[in-house]
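Each of the two complexes below includes subunit A, the first together with subunit B, the second together with subunit C.
Let's look at the complex of A and B:
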């Protein structure tokens, strides 16, 4: 089997097996769907990793149905595996495998439907990373959206259903915008293949239709990527979905939407000067705002999953900053950060799942000191918190150092401050949870401080070690691979930023991906400062009641109203979110007019 | 945000984005003035290369057949998701919808029964016709599958709920839906096994304009037809369950088996 034929399998295998599982569900043995799904995810991870590794010698291009371009005119759909898309797809499949182990037996009540949805969800995400065709990209985007809507509502509590509804409405509007953007690109260039459109774009780079197409496409993806002001749906959805589902949402789905923007930019739109300005101006601003806002909001939460959801907004913002700096260092950092953050955030959401299963809740205040018996989970959550805060260890740090370095060299100080704020706040929030739940720190809650939450206990039907195993696996992957991840990220950035457009269209030879000489990721003092500051902020919050009176008083007087205002924006009403979405579109309109 | 403030924000943003929209609209290709190299190319080559006279089917199942596989799976996903949510919110955890005793059953007029029996058969037959003629005339598995499913709905109209549940066991239609989608995917794997690119059409294309032209597309089309029929019937089963609220009083006639 050639590499070209193999490039289809990571999508085709989960699709076929999902259909077969549905067809044979009544006669399958009870644990069979679980076993099958885990094996398929592992197999896809291996395949993607193998393909990504081989693609360093030249992108692997496969045309479905054998429809290779005719005279430079693409007529079919292509998958193009590069080190960028390939390694991200491998990471996604690995995250799915870990999640499926984590949710072993959890969903057997609803026959095999959970596995059907998860396999299709995975196939959609992998297809999204590998495809080289704009409409095909939309198909996979929609597949993963539909699966995600159903998986959010799966918990079937009223909060889950209303969260799923907000998610569905806002994201469906995003899908419409993407479809409109595809229509505009096609009307101008007559092609759907990235390389075909790119040729049309470079023929008329100043065309407003091309710019509008980019605006619509990136708005749709920014909604999925939960960037300010499109981020409101995310905390509502991620905090109410079952924790195994939230692992995938926060670890992979949000991040690959941002990867999609980066891929579209370099593969299609890079020759349009207005798009360059939008990417380096507006999107950088949105990333900056998200990094800061997500961090501050995370600090204000007491529901652990909601807290983690806000931290996802913040870290996705850091990723977007990396991409939007349009600099090799930043892009390679963002790609590495995507994987590192996914591993850490995945293990943290699993930690929240352990709280829900073992302690029957995820309310930080109510669980004060309740976690002592399950201390290994506390160790994992605490380690995750330190890594979120920027502890200079592992994959996440390698990405962060490069993004930080790129922002510093670009002289982009607001982004630098926002990155710091995001790291410190999200790290502090998770550390505070660890301290309160597992060490019993902080004031004893009064009866009135108990939150009136609904019962959201998840079934404790599997042993603790089985739940801790994937958490440990993700954290172990996240730490020692720093060096390799950084080297691959450097190669992947080259593949992403220098697409071989003409060769893919059959005009010229595909050649090996040769990045400029690689230097070890820089080490700066920032991570240490951020980690120390996060511990300090966590301690401050835990021991607030013991602070000297004027200090606490002053804070309550000046900062508290502003923070309340921020929280009020997150109203839970979908009409508000749509109004903010329009505001984001207006930002695009104004920026494109003046940019 | 108060409704008033929200409306204000929305309208202000629309006003801001309007000039940009108008500017883009002014630069769109004029109506009827498109140069569509892709469409021209397909029109020029599809009849010669694939022997189908329905170009839309040629695009759906061959040139962009991989998109259709994705769409197919989206249907599977949407139906599966809807099933889980509806069954779950009715409190059913089994895979098979439960019969709640005491649900009302409304007697049908003889004319309704007769009309449903006549129309049901005709509609199903017409659906099969549309599926079969995918390569020659407008239509195909998607459209035909939806028609067949609505033909089956006539059973509910004429025979009432028990009759409907007799002809529409959800396991059968789950299998039809999954099996149809799997058939489509297997077409791709068949190409791979023969050493060709995924979904490459390797069967004889047949006579131009013939019912059975198009080679591999016939199987893909049949898979889509089966999957859409199955998916729609599953949705109908779940939707009809939703309408059958149990009646609180005990004085109506039940439909216990």
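Let's look at the complex of A and C:
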């Protein structure tokens, strides 16, 4: 079997086996779907990793049905495996494997539907990373979205249903925007293949229709990537979905939407000057706003999963900053950060799942001191909090150092401040939860502070070690792979930023991907400061009631109304979210016409 | 072939219709007080993409792209028609899923006013 034929397997295997599992579910032994799904995810991770490793010697190009380009004109649909898309697909499949281990025996009563949806979800994400055709990208995007909508509502509780409705409505509008963008790109270039469109774009780089196409495509992807002002659906959906589903939402789905923007920019639109200005201006600003806003909102939450959801917005913002700096260092950092953040955030959402299963809730105030019996989970969540705050260990820090360095060299101080704020606030929020739930710190809650949420208990039959195993695996992976991840990120950035357009269209030979000499990721003092500040902020929040009166009073006077206003924006009304979406789209229009 | 593909759209009207449908659909979603109505508005938003895609592929004085009974000649672009078909399939999937969610929500809450069935508040 050639590499070209193998490139199809990472999507074909999960799709076919999902159908087989559904057909044979009634006669399979009870645990069989669990075992099969884990094996399939591991198999896909291995395959994608192998393909990604081999693609360093030249992108692996597969034209479906043998419809190779004729005379430089693409007429078929292609999968192109590069180190960028390939390694991200491998990471996604590995995250799915860990999540499926975590959700072992999660659903006692239902049949194999959960595994089926998870496999479809995985196939959609892997296809999204490997495809080289704009419309095909849309189809994988929709496969992934529909599986995600169904998985959000899977709990069938009324809050889960309304969260899923908000998620579906907002994201479906995003999908139609993407489709409109595809229509515009096709109308100007007559092609759907990335390389074909790129050739049309470079022939008329100033065309307003091309710019409009980029605006629509990136708005749709930014909605999925939960960037300001499109981020409102995310906390509603993440906090009500089952925790294994939230792991994938935060760790993979949001991040690969941003990867999609980066891929489209370099593979298709890089030669259009207005698009360059939009990317370096508006998208950088959106990333900056998201990094800061997500961090502040995370600090204000008491529901652990909601808190983690806001922290995802913040860290996705940091990733977008890395991509939008349009600099090799930043892009390589963002790719590494995507993986590192996925590992850490995945383990944190699993930690929240352990709280739900063992303690029957995820309300931080109500669970004060209740976590002492399950202290190993506390150690894991605390470690996750420190890594989120920027503790200079592991994969996430390697990415952060590069993004930070790129932002510093570009003289982009608002982004630098936002990155700091995001790290400190999200880290502090998680550390505060750890302190309160597992060490019983902070004031004793009064009766009026009980939260009025519904019963969210998740299945508690699973042994603690089984739930802790994937958490530990993700955290352990996140630490020692720093140098390998950084080296691969450097290579992947080259593959992403220098697509071999002509060779893919059959004009010229595909050649090995050779990045400029690799330097070890820089070490700065920032992570130490951010970690220390996060610990300080967490302690401040926990011991607020013991602070001298004037200080606390002053804060309540001035800052509290602003924070209440921010919280009120997150209204839960789909109408508000769609109005913000329209405003964001208008912002794109204004920026493009002045760009 | 490529001359047909690169020909600019002949008239502005379908583009305006697409933009209008998109805007009015969004307006409907923002002001809707019933989820079934809201899903209908989402359908209107989707219809704008149909119009847009068909407008992209339309050619004056051209036939359907079926050359079974007559020799190949000037025809409208079949690629966008295939895209619209896929779009319809996706739209049906999403609508069916949304209606199923709405049905379950109605069983639990007894109302479908988006104002009154908000997700968990902090």
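In the analysis below, the second predicted complex is superposed on the first by the 594 of 595 C-alpha atoms of A that agree within 3 Å, B and C clash if a C-alpha of one lies under 4 Å from a C-alpha of the other, contacts with A are read in each partner's own complex, and residues count from 1 in each chain.
Keep this in mind: a contact is a pair of C-beta atoms (placed from the backbone, for glycine too) under 8 Å apart; a residue touches a chain by one contact, two chains touch by 3 or more.
The model shown is predicted, which means the values in this text are computed figures rather than measured ones.
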Touching partner for A:20 - first (subunit B), second (subunit C), both, neither: first
First, second, both or neither for A:64, with subunit B first and subunit C second: first
Touching partner for A:173 - first (subunit B), second (subunit C), both, neither: second
Dominant contact partner of subunit A by residue count, subunit C or subunit B: B
First, second, both or neither for A:73, with subunit B first and subunit C second: both
Subunit B versus subunit C as contact partner of A:187, first or second or both or neither: both
Partner chain in contact with A:4 - subunit B first, subunit C second, else both or neither: first
Contacts of A:302 with subunit B and subunit C, given as first, second, both or neither: second
Which of subunit B and subunit C A:239 touches, first, second, both or neither: second
Subunit B versus subunit C as contact partner of A:567, first or second or both or neither: second
Shared subunit A contacts, counted only where both subunit B and subunit C touch the same residue: 73, 135, 139, 142, 146, 149-150, 153, 156, 161, 184, 187, 190, 192, 571, 573, 575, 578-579, 582
Contact footprint of subunit B on subunit A as seen in their complex: 1, 4-5, 8, 12, 15-16, 18-26, 62-67, 70, 73, 75-77, 109-111, 113-114, 116-117, 120, 123, 127, 135-136, 139-140, 142-143, 146-147, 149-151, 153-154, 156, 161, 184, 187-188, 190-192, 207-209, 211-212, 569, 571, 573, 575-576, 578-580, 582-583, 585-586, 588-590, 592-593
Residue ranges of subunit C touching subunit A (in the complex, touch as defined): 2, 5-6, 9, 18, 22, 26, 29-32, 35, 38, 42, 45-46, 48-49, 52-53, 56, 79-80, 83, 86-87, 90, 93-94, 97-98, 101-102, 104-105, 108-109, 114-115, 117-122
Of all residues in subunit A, those that touch subunit C in their complex: 73, 135, 139, 142, 146, 149-150, 153, 156-159, 161-166, 168-169, 172-173, 175-176, 179-180, 182-184, 186-187, 190, 192, 236, 239-240, 300-303, 306, 453-454, 567, 570-575, 578-579, 582
Complex contacts: residues of subunit B adjacent to subunit A: 1, 3, 6, 9-10, 12-14, 16-17, 19-21, 23-24, 27-29, 34-38, 41-42, 45, 62-67, 69-71, 73-74, 76-78, 80-85, 87-89, 93, 95, 171, 174-175, 177-182, 185-186, 188-189, 192, 195-201
